[in-house]
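These are the structures, in structure tokens.
Both complexes below contain subunit A, partnered by subunit B and then by subunit C.
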Partner chain A sequence: MSTAAPLRRSLVTPTTLVLVALVVIAFCFLLQRFLFGLGAVANINPGYPWGIWVVVDVIIGTAFGCGGFAMALLVYIFNRGQYHPLMRPALLSGLFGYTLGGFAVIFDLGRYWQAYNLLLPWHAQLNSVMFEVALCVMAYVVVLWIEFSPAFLERWGFAAIKRVLDRWMFVIVALGVLLPTMHQSSLGSMLLVMEYRLSPLWFTLWLPALFVISALAMGYAVVMFEATVVSKTFSLPSEHALISKMSIVVGWITVAWLVLRFGDLVARNALPLAFIGSISVFLFWVENAMFLAAALVFITPAGRASQRASFLGAVALLAGGSLYRLDAYLIGYQPLNNWSYFPSVPELMVSIGVVALEVLLYLIFIKTLPVLHGDAARR
Partner chain B sequence: MDATCNPDIDFEACLGPNPDEPVYGGLTRRQMLQFCAGIAATMGLSATAGVRMAEAATAPARPPVIWLHGQECTGCTESLLRSYHPTLEAILLDVISLDYHDTLCIGAGKQALDYKHAMMEKNKGKYVLVTEGGTPMKDGGIYCKVGGKTQVELIREAAEGAAAVIAIGSCASWGGIQSADPNPTGAVGTHEVIPGKLVINIPGCPPSPYNFLSTVLYLLTFGRPPELDQQNRPKFAYGRLIHENCERRPHFDAGRFALEFGDEGHRQGFCLYKIGCKGPETYANCPSIGFGDVGFGSWPVGTGHPCFGCVEKETAFRKPLHALSTVKTLTPPTAFPQVDAEKGKGVSVGAAAAVGVVGGLVVGAGAMLLKQMGDGKKSAPDETKERV
Partner chain C sequence: MTEVDRRDFLRGAGFATAAAAVPTEASAAIARPPKQISPQAVGMLYDSTLCIGCKACVAACKEANKMPAEVPATLTGWNENTWDSAEDLSGRTLNVIKVYRNGTAEQKDHEINGFAFVKRHCLHCVDPSCVSVCPVGAMQKDAATGIVSYDPDVCIGCRYCVYGCPFGVPQFDFSSALGKIAKCEFCRHLQKDGKIPACCDVCPTGASLFGPVKELEREIERRTAAAPGTPYQFPRGKIGENRPPNAATIPTYVKGVYGEHEAGGTQVRYLAGVPFPKLGLPTVGRQSPASLSEGMQHTIYQWLIAPLVAFVGFAFLARRNLALHHDDDAPPSKEG
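This part shows the complex of A and B:
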């Protein structure tokens, strides 16, 4: 089934060295966090208990990790086998997006040594959205590793195990589509308790739907983005023909998101708030402009045909989706009593380090495991 | 009762033809159903169970009850006498058939005891035995006698033919005040007198009458005791710490304590933990249902006195009244956050620089990549498609 092969490239390059340096810096700050506590490194406070470690590493990070979810939906559920070459790289980015998201949660937990209680059924609070997110994300990380495991099994020649796995893969794939719809929508549901602390431009009962739809769009965007970047960086054959066919789906998902977003704002009479001057209103328009730009690129034939426009469209979608999450969780959110928050240098360096670790591991994996199609033909 | 009525859908349908005509000792059918629905609700049961309770309680053959008193103050009976929905007489005359009760029986002396024996013989295996008060075991149990028989003998005799045994009050549940050191009479709870027989304990000094009534109605309705904890106390009433539902709990969490009676904190209704409240180690529903049907706050802590843990064998009459309790959940922190805490640190130069550098790198890398890209028409033919 697979013609994927490891990329024959050196593991040590200037890029990987820079990435390693960033990861080391992040781990130094993490050491400080575990020795002296959260207060020593992070600017989070009682008004803003969630800083960028949650919002960037988990909320945005897992949305970037939705490539595997989005592609599995397209390839296996809608049975579009022609997109299969994009599947493994998508899974790989999802693998790191989620695994490191889960990792980031651990150092953001004030009392992380209590975290194991999540797994004890007699302590379960089944009405809690946060509990659902925690359990569902943990389950999905496991599912992603199993979904991706054929790459390991092929590499080290465990044919027998792979045969068994192939027979049961449909269950795993089904879970791999179900679980993200659950927790990506729950990431929106978590904001439902904020109510009046969140600007009406973002607070709506449709938050779960808006989150899951934008996560799906971002999942496709990240696949397009990564396929383009990888093929350009390593001079591999372009996957643009595949991507341009897929992008019409993304275009209409983005349109659906915009319709829901503005339809809801109009229905709630919240739209007038979008015409008062403030930073959050400005970012509201930036975020929606990004979505609109992406939609325009992907639903017009000319936009889909141009590789440059498609790439920009994917970037716009990723930026718009990230900004939407950042706005909903931090910028559009105003706790009482004038609390304020801006991440500290250690917080920023840890988040940057987590992203660097993601990119680094991605590079190592595509160079050592059969993930990408295309290099085999060149050998 | 109409067998087809479903109170979950239509409560009125279950009321029958003349819902407001007094039948049950002054109670109308509507009032009786409402009382039972209320009882069911306090036990966390559905409205259906309320109607079933009303059916069981108003069945023609009222279940006989034998009520024995031992070493006690009759406070539990007094507590029961003050239940208002409905009044005790409605329960005693219409719900149960109270065949013998040391305090309430009309007859006296041999006449009353003979009637008790006759009823126990007649209803063998069907009556409910309620014990109130501790039982002295020392010196052959001679410290508590009725009609020449010791309390031990009386309980064993009555328990033999009982369908169920309920111990009301802390004395009957585990010995109560007379079992406090040095326990001169060797007082014990009912369950120690009749080992091997299930005794449902309703401890409290006194217990809320509704915990008792709810348990009795549950027994009558379902023919089995409600869910019990390790000390055989019904979980619906004794499943949660007082501390968990206490209206003063937010003061505990925020570190606001009364330090002595009448001080500023005490007058402001702060937490009573530091003047010996045993709420953090006592399992009871007092804060939820209160006492005396007079509304919110009508329970010891609500009136400003620390809970003394009356339902707990290890606490009441054993720990000094004003000693600190063992907090079974979280102990209060030694330091509390400042009231005038800093509200966020704002942007530091380093953080702004880091954000700027990352932003610049991302835009720069993107631009370099875009420069390499064609508009699609000139790009290499797609090879992947053929290999799928």
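This part shows the complex of A and C:
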């Protein structure tokens, strides 16, 4: 029987202190942003109204938060209970990926003090893809906290509440699979309005499918990445046996994604554009090479058996999925009037600070709450 | 006055490829039906051949909309905010005149060794992307006049309208802690008092002409049907209004009317003597981008049937599987 337990380690370490410092730096720049405007901190401009705070912190950040979604689909919908030990750490990374994505939206919004208009029914604009994304993401953040709440309830012994929650957990689990399917595909649909501004290498009617499938693949990759890093860092027994079994699923999802990606390019006659020399074309190939490398690792028995290869495969998948999103939103997009964009140092420091906060909270939670597979954590 | 960059044109060619690479049948099948222009729609006709580049329209626009003068960093040495020198649309400029220049730039409205002016502001699309993408409805299109208006008290500042506009029109003021979107609203505050948009009111040659789109379309037909060199009375201000016209001759126009079909049609139309892409007007296909993105969303989410069916299916499976592995999901914590 698998149980979860807090990891008995010190909260104050050199790593956590560095993370705290990065978070403090980010908050200083955010103060500057709130006092003097977005332009005082970020390099976003009329040609690139969205920069890394949107694309990295929200579009890519929430894909990194898809671990909970991906594992819930496998464990509860496809009934693969053997992967349950990976469920809570996956939910935890999802919890922070999404909560901090939502936080990033607030400081990126130019008129954040009116953000509550999103929740007022008389302002709802049902044709807007972003309206759907916003509501879905907000709902999913709530769902993630409820899905994860047994960890708190166990820690502080609220048995009665937990019994009620257990009875209704199937509703939460169903929402926890439905909502990410909806908004991760909609993050692709958000680009459908860019027909005349996005390169045909990325603009396709299949954007919603490509986004949700790659989000799912990235969700499994995050779980594999995190399980390996945590077991190495804290010298815990490896979860590789479990990960190795799961990776065949990831491999075929990645293959499906590549088939759709290239099948669509061929069907639209857009593939010749991938042989014109330019930075965006180069990144197109890097992005797809990452997916291909991951697919090759995960569908071959030798690749799955090797812990190192599997880890690198997960890294390749995360890098490929991130680059795909960056390309679709910024690199493959053609601005009017020759604007260019590269993030400023303060802008980068804010995004780095958000990631640091995510890692910091993750470490605090696994050390204080029953998250990790108990038999390992107690050693 | 900024020069229209040659790279704009090259980029324009890129968009044309983009439009061609999406199979139109598939895209048209997904897209919802195109929106039709209102019979009472108002618009503008900008005739580049009549424009003398005086920029009276830019100054009048700033005054009418209480926008500050803009001075590019390169000019601050001698220009201390006394002379507005806006180079492009921005959070503080709703209307701007730009120039195309080629070779010796000797002849007006000639593509080779010539020059030409172009006016940029909101085109008031028939099926606007900005209205479609705005999550809170801060962008609205008036059902009768077709004016696309902006409400800063509703806007959350997400800037999806800036990103999504195929013409690069809405602008966010990044330099202010309380920035908002800026875009031409056809001076709707002046129209309430029976006035016309400031840019058309002050235009000395009738290059910017205001009026009902239907009448502007007839005016375009008259101009393009007449032989070049024919004497012609170009109306000024508002079409049909009894202002003395500008007596001149019909120029040689390039083929087509920019804005007639672009992105599903717009209420601002352009006539010019130099090809539109050279003037920096983006090459945009006929299908409105909003019709495609809304068509896709409405296909996936029609009556919320697909999400509801998926939810019921997921809930059924989750309930069964949670019961099967109940012990796994309720791990008794030994630490407490």
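Methods note: the second predicted complex is superposed on the first by the 371 of 379 C-alpha atoms of A that agree within 3 Å, B and C clash if a C-alpha of one lies under 4 Å from a C-alpha of the other, contacts with A are read in each partner's own complex, and residues count from 1 in each chain.
Please note the rule applied: a contact is a pair of C-beta atoms (placed from the backbone, for glycine too) under 8 Å apart; a residue touches a chain by one contact, two chains touch by 3 or more.
Remember, it's a predicted structure, so these values are computed and weren't measured experimentally.
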Subject >> subunit A as common anchor, with subunit B and subunit C clashing or fitting >> reply: clash
**OP:** Mind working out whether A:Leu242 is in touch with subunit B, subunit C, both or neither, as first, second, both or neither?
**Re:** first
Original post:
What is the contact status of A:Asn45 with respect to subunit B (first) and subunit C (second): first, second, both, or neither?
Top reply: both
**OP:** Once the structures are superposed on A, label A:Glu154 by its partner contacts, choosing first (subunit B), second (subunit C), both or neither.
**Re:** second
Original post:
Who touches more of subunit A, subunit B or subunit C?
Top reply: C
Original post:
Taking the superposition as given, does A:Tyr112 touch the first partner, subunit B, the second, subunit C, both, or neither?
Top reply: second
Original post:
Regarding the shared-chain residue A:Thr13, is it in contact with subunit B (first), subunit C (second), both, or neither?
Top reply: neither
Subject >> Partner chain(s) touched by A:Ala305 [first = subunit B, second = subunit C, both, neither] >> reply: first
Original post:
When the two structures are overlaid on chain A, which partner does A:His84 contact: first (subunit B), second (subunit C), both, or neither?
Top reply: both
Original post:
In the superposed arrangement, which partner chain does A:Thr368 touch: subunit B (first), subunit C (second), both, or neither?
Top reply: neither
**OP:** Applying the touch criterion given at the start, work out whether A:Thr3 contacts subunit B, subunit C, both or neither, answering first, second, both or neither.
**Re:** both
**OP:** Among 23-31, 185-193 or 293-301, indicate the stretch of subunit C whose C-alpha atoms run into subunit B.
**Re:** 185-193
Subject >> subunit A positions touched by subunit B in one structure and by subunit C in the second >> reply: 3, 45-47, 81, 84, 337-338, 374
**OP:** Would you pull the subunit B residues touching subunit A in the complex into a rising list?
**Re:** 337, 341-348, 350-351, 354-355, 358, 366, 369-370, 372-377, 379-380, 382-385, 387-388
**OP:** In the complex, go through subunit A and note every residue touching subunit B.
**Re:** 3, 43, 45-48, 81-82, 84-85, 228-229, 232, 237-242, 244, 305-312, 315, 337-345, 347-349, 352, 373-374, 377
**OP:** Quick one: which bits of subunit C touch subunit A in the complex? Just the residue numbers, please.
**Re:** 5, 7-8, 11, 14-15, 17-19, 21-23, 26-27, 30, 88-91, 129, 132-137, 152-160, 162-164, 166-168, 171-180, 263, 280, 282-285, 287, 289-290, 292-294, 296-297, 300-301, 307, 310-311, 314-315, 317-322, 324-336
Original post:
Which residues, counting only subunit A, touch subunit C once they are in their complex?
Top reply: 1-6, 34-40, 42, 44-47, 49-50, 75-77, 79, 81, 84, 109-112, 114-115, 117-118, 123-125, 127-132, 134, 150, 154-155, 157, 162, 166, 169-171, 173-175, 177-178, 181-182, 185-186, 189-190, 192-200, 203-205, 208, 267-270, 273, 334-338, 370, 374
